[in-house]
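To start, I am sharing the structure in question, which I have written as structure tokens.
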Amino acid sequence: MATARLENVSKRYPDHLAVDRVSLDIEESEFLVLVGPSGCGKSTTLRMIAGLENATEGDIWIDDRRVNNASPRDRDVAMVFQNYALYPHMNVYRNLSYSLRLRRAPKAEIEKLVQQVAESLDLTRLLHRKPGQLSGGQRQRVALGRAIIREPKLFLMDEPLSNLDAKLRVQTRSEITRLQRELGVTTIYVTHDQSEAMTMGSRIVVMKDGRIQQIDTPRALYRDPANAFVAQFIGTPPMNLLACRLDDAGDEAALSGDGVGIKCPADAIDLLRSAADSLLVGFRPEDIAISGDGPDAGFGGSVVSIEELGHESLATVAAGESQFIARLAPSVADRVRLGDRIGFSVDPAKLRFFDKRTGEAISIA
Amino acid sequence: MRPTVIADKQDRWLPAAMLVPLLVGIAVLVIAPLAWGLRISLTDSKMIGLGFRDGLTFKNYGSVLTDPDTWNAVWVTIVFSGGTVVGSVLLGIAAALVLDREFFGRGLVRVMVILPWAVPHVVAALVWQWMYNPDFGIVNYGLLLLPWVESTPKWLSDPQYALLAIILVNVWKTYPFAVLLLLAGLQTISDDLYEASAIDGAGPMRRFFDITVPGLRRVLAIVVLLLLIWSFGNFVFIFLMTQGGPAGATNALVVHIYFEAFRFFRAGSAFAMGSLLLAMSIILTSIYIMVSRGQEHD
Amino acid sequence: MTDAAARKGFGRTAPLSISAAAWRLAAAATAVLLCSVGVFPFYWMFVTSIRPSTEIFDFPPRILPSADSVFAPYFSLFAETDLAHWIWNSTAVSIATAFFASLFGAMAAYVLSRFRFPGRESSQVALLLTQMFPAILLALPMFVFLSRLGLLNSLFGLSLAYLAFLIPVAAALLKAFFDAIPVELEEASLIDGASRVGTLFRITLPLSLPGVASTFLFCFIISWDEFLFARMFIRQPDNWTVSLGLASFSGEFVTPWDQVMAAATIITLPAALIFLMLQRYLVRGLTAGGVKG
């Protein structure tokens, strides 16, 4: 159990900058998830913490010890790889005990720990198999076991679920969170899958192009994305973002654009003026309600497609350059036909605003 | 040579240390001798292994380049290498096409086809020498069985046939290599292409020239270049079977250089010819590297 | 014959037509012809070796083994010639060469496979280049070097000369093997607490053992087969290798063909066995990094 800290850490390759001045505080026992599209630098960041890559700039601390120049073996971390990296020439028992044997732990203790870990991961019957004889899920559990057997300071996990099929992935998610909670080991988890990040992380770091976009709890991330990228990266379907401008007429200011025509919330006017003619207004698909074509309909357009999911329907609505998705209950969706012109209203408190040029959120606190 | 990724602390010194034997080996056993040879070629050194008076001279190159024997050796080398390549590639393609089909006993046929490749060079030279024996050899016996053959050549001692005889041996020894490479190449050609072409009504010959040959182009280039490079340097067959004779008919560059140095003790000109050979093989090798590296980026 | 295979090559697409049958016949004939061309010299070598010496120069020659086949040459060889001694010399040189070529080659190959450093690309090209020079180019100046060092006529000197081209070959071969081992296995081991050297011995080497063994055998047969260097550097019959010993038979006034062929058979056996064992791998060996699989 430990803390870790990254201060302005960068990783520069000859041809590009993979990680750009990343600073992070990882608290004791927390489950921190690094998420972002491929090539965003999340894996490189993790590998720098593990010691498999050298940071070009900045400092990495584990428990108040600067580890920039420490070998992986001196950092006391454990890592689960995407392809599991089980040693193919060793059976499960020897895979699990490898790190203990390297540390010359007494035989009896190794035996005890292996049995204990094998039991908690349901591997007892497989101890004498080689990795080649195991299923994907079993290999994954061995990889987990190899990490937890040592009680390291940090767990590092690099997309550990992406080689599993969808059903097993959901199962293993909860298995990993359970283990983490039981053991209380500080964990840093890398994934490209935002739903995995949302369900597992106690805090989430969203990265893009080597930079941190936002660090927050899943709920805060969902509710108040720091910029347009996060708004569209988190949530399926993502937050709707529609271009609009502020028609400033004193107190009666309005926001208008393709498919947008709402009264500007009074407390937002001053803030929105800074980017008056290039704004994005955002709302979640579920925060929308059909309001007929009445005057209070803030958003409108014609339905271009309906995706039926059974428990709900996703209607894609287009108006001019804009397009947005509305999440509808089945009873509501029944009345909607392709091509219908429909108006929607959104609770003003649920509206989010972004500067279209920078993508940054304009927060109305 | 500092690695750009240092994971373990041993990575600071270990990679460099592990490269030392290779680097020292190449420097001492390859680069130094080559440089030394180049240096000798520019001196008046007479006896190989003896010293030389200092000073540079291009005399050796002048005399070597004007000596008709040199040009004969170059010509023999080209005919020998070219003949080997043509023979090996033609036989190689035929064998590869046969082996690409599935049939009963394919594994055994494959082993038998590859067998010549496995025999040591000296053994091949001696066995063929025996088979080529003008009076008691099985080759001539076989020829006499043919109805239209009336007299048989004295293979290795007839200037007209000696080079052909050795080329045949070299083809016999090297074509299995062509077979294996071409076979690997054939297996990368998708069956769909053949099916599509068959549906379009192409006959077997058309399919061969429209699909098989283009699909093998790169592998063929590699086979041709490697066989050329190896044939350029082949010493054993000529040295053991004809000693470059009769009348220089098989006096390829490698053998010529050897005799220049060890029979006539003209070190300077031997090294000068060596430099010519070096230039030729560098050109071939560079083409080979270009072709084979190109393949990796496919 | 599977459908896909049938459609390939000269292939048949529909029910067997006359022309397709002709193609198949041609293919079968080619196969038979190639097999006999490949095998006959071996057969002839063996048959000659066991033929009574009175019948060797019979003409027309008898294709089948003589009824009075004798294995005497196989015994007289060892009694009358130094064959045993040559075999010993060749074995010693080949094992020593193969061992050091594999060892040094493996060290270099690992670095080339795992580390990025300036000059890495060009050193790989250099590796390829050094394997492609005609041997005589190295042999001449090396002759001078070895004579200066007093290593002419020495098996140690010969082995040293072989290492000149076998270390790069071994390095290129083994690099392909190391490249095939996922780097994550080594990273996992480093994190689990092993040093780089520990990882090399506990993870990388055990996993590349087949590659190391093949490389060793490959270098072994190349040394076993080599003639030019041996011919130039070794002049004393005491230190002859099998190639030199065998070659010394020919060119005598009357070549004892039965003995020569017996010796040839003995020398061929280990080389041919190893060759056939390695045949798939040899393509890669000889093109060393040039062509994939």
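Here the chain labels run A, B and C in written order, and each chain numbers its own residues starting at 1.
The rule we apply is simple: contacts are C-beta pairs under 8 Å (C-beta built on N, C-alpha and C of every residue); 3 or more make two chains touch, one makes a residue touch a chain.
If you're wondering where the values come from, they're calculated on a predicted model, not measured in any experiment.
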Worksheet item: More C-beta contacts across A-C or across B-C?
Response: B-C
Response to the item:
The chain whose C-alpha centroid lies farthest from that of chain C is chain A
Fill in: Per-chain CA centroid nearest to the all-protein CA mean
C
Worksheet item: chain A to chain B: how many Å between their CA centres?
Response: 59
Discussion item. Can you compute the centre-to-centre distance for chain A and chain C, using the mean CA position of each chain? Integer Å is fine.
Written reply: 56
Discussion item. Measuring centre to centre with CA averages, how many angstrom lie between chain B and chain C?
Written reply: 15
Worksheet, complete the sentence: For chain C, residue numbers touching 2 or more other chains are 187, 190, 195
Item to complete: Would you pick out the residues of chain B that each touch at least 2 other chains?
Response: 5, 7-10
Practice prompt. Can you tell me which residues of chain A touch two or more of the remaining chains?
Written response: 51-52, 71-73
Item to complete: Within their complex, state which residues of chain B touch chain A.
Response: 5-10
Fill in: Residue ranges of chain A in contact with chain B within the complex
51-54, 69-74
Worksheet item: Considering the complex alone, what residue numbers of chain A touch chain C?
Response: 50-52, 71-73, 75, 77-79, 81-83, 85, 87-89, 98-99, 102-103, 146, 150
Response to the item:
chain C residues touching chain A in their complex are 182, 184-185, 187-195, 198, 203, 206-207
Response to the item:
Residue positions on chain B within touch of chain C in the complex are 1-5, 7-11, 14-15, 18-19, 21-22, 25-26, 29-30, 32-34, 36-37, 40, 48-49, 91, 94-95, 97-103, 109, 111-131, 135-136, 138, 141, 144, 172, 176-177, 180-181, 184, 186, 191, 194-195, 198, 203-204, 207-208, 212, 219, 222, 226, 229, 232-233, 235-236, 239-240, 254, 257-258, 261-262, 267, 270-271, 274, 277-278, 281-282, 284-285, 288-289, 292, 295-296
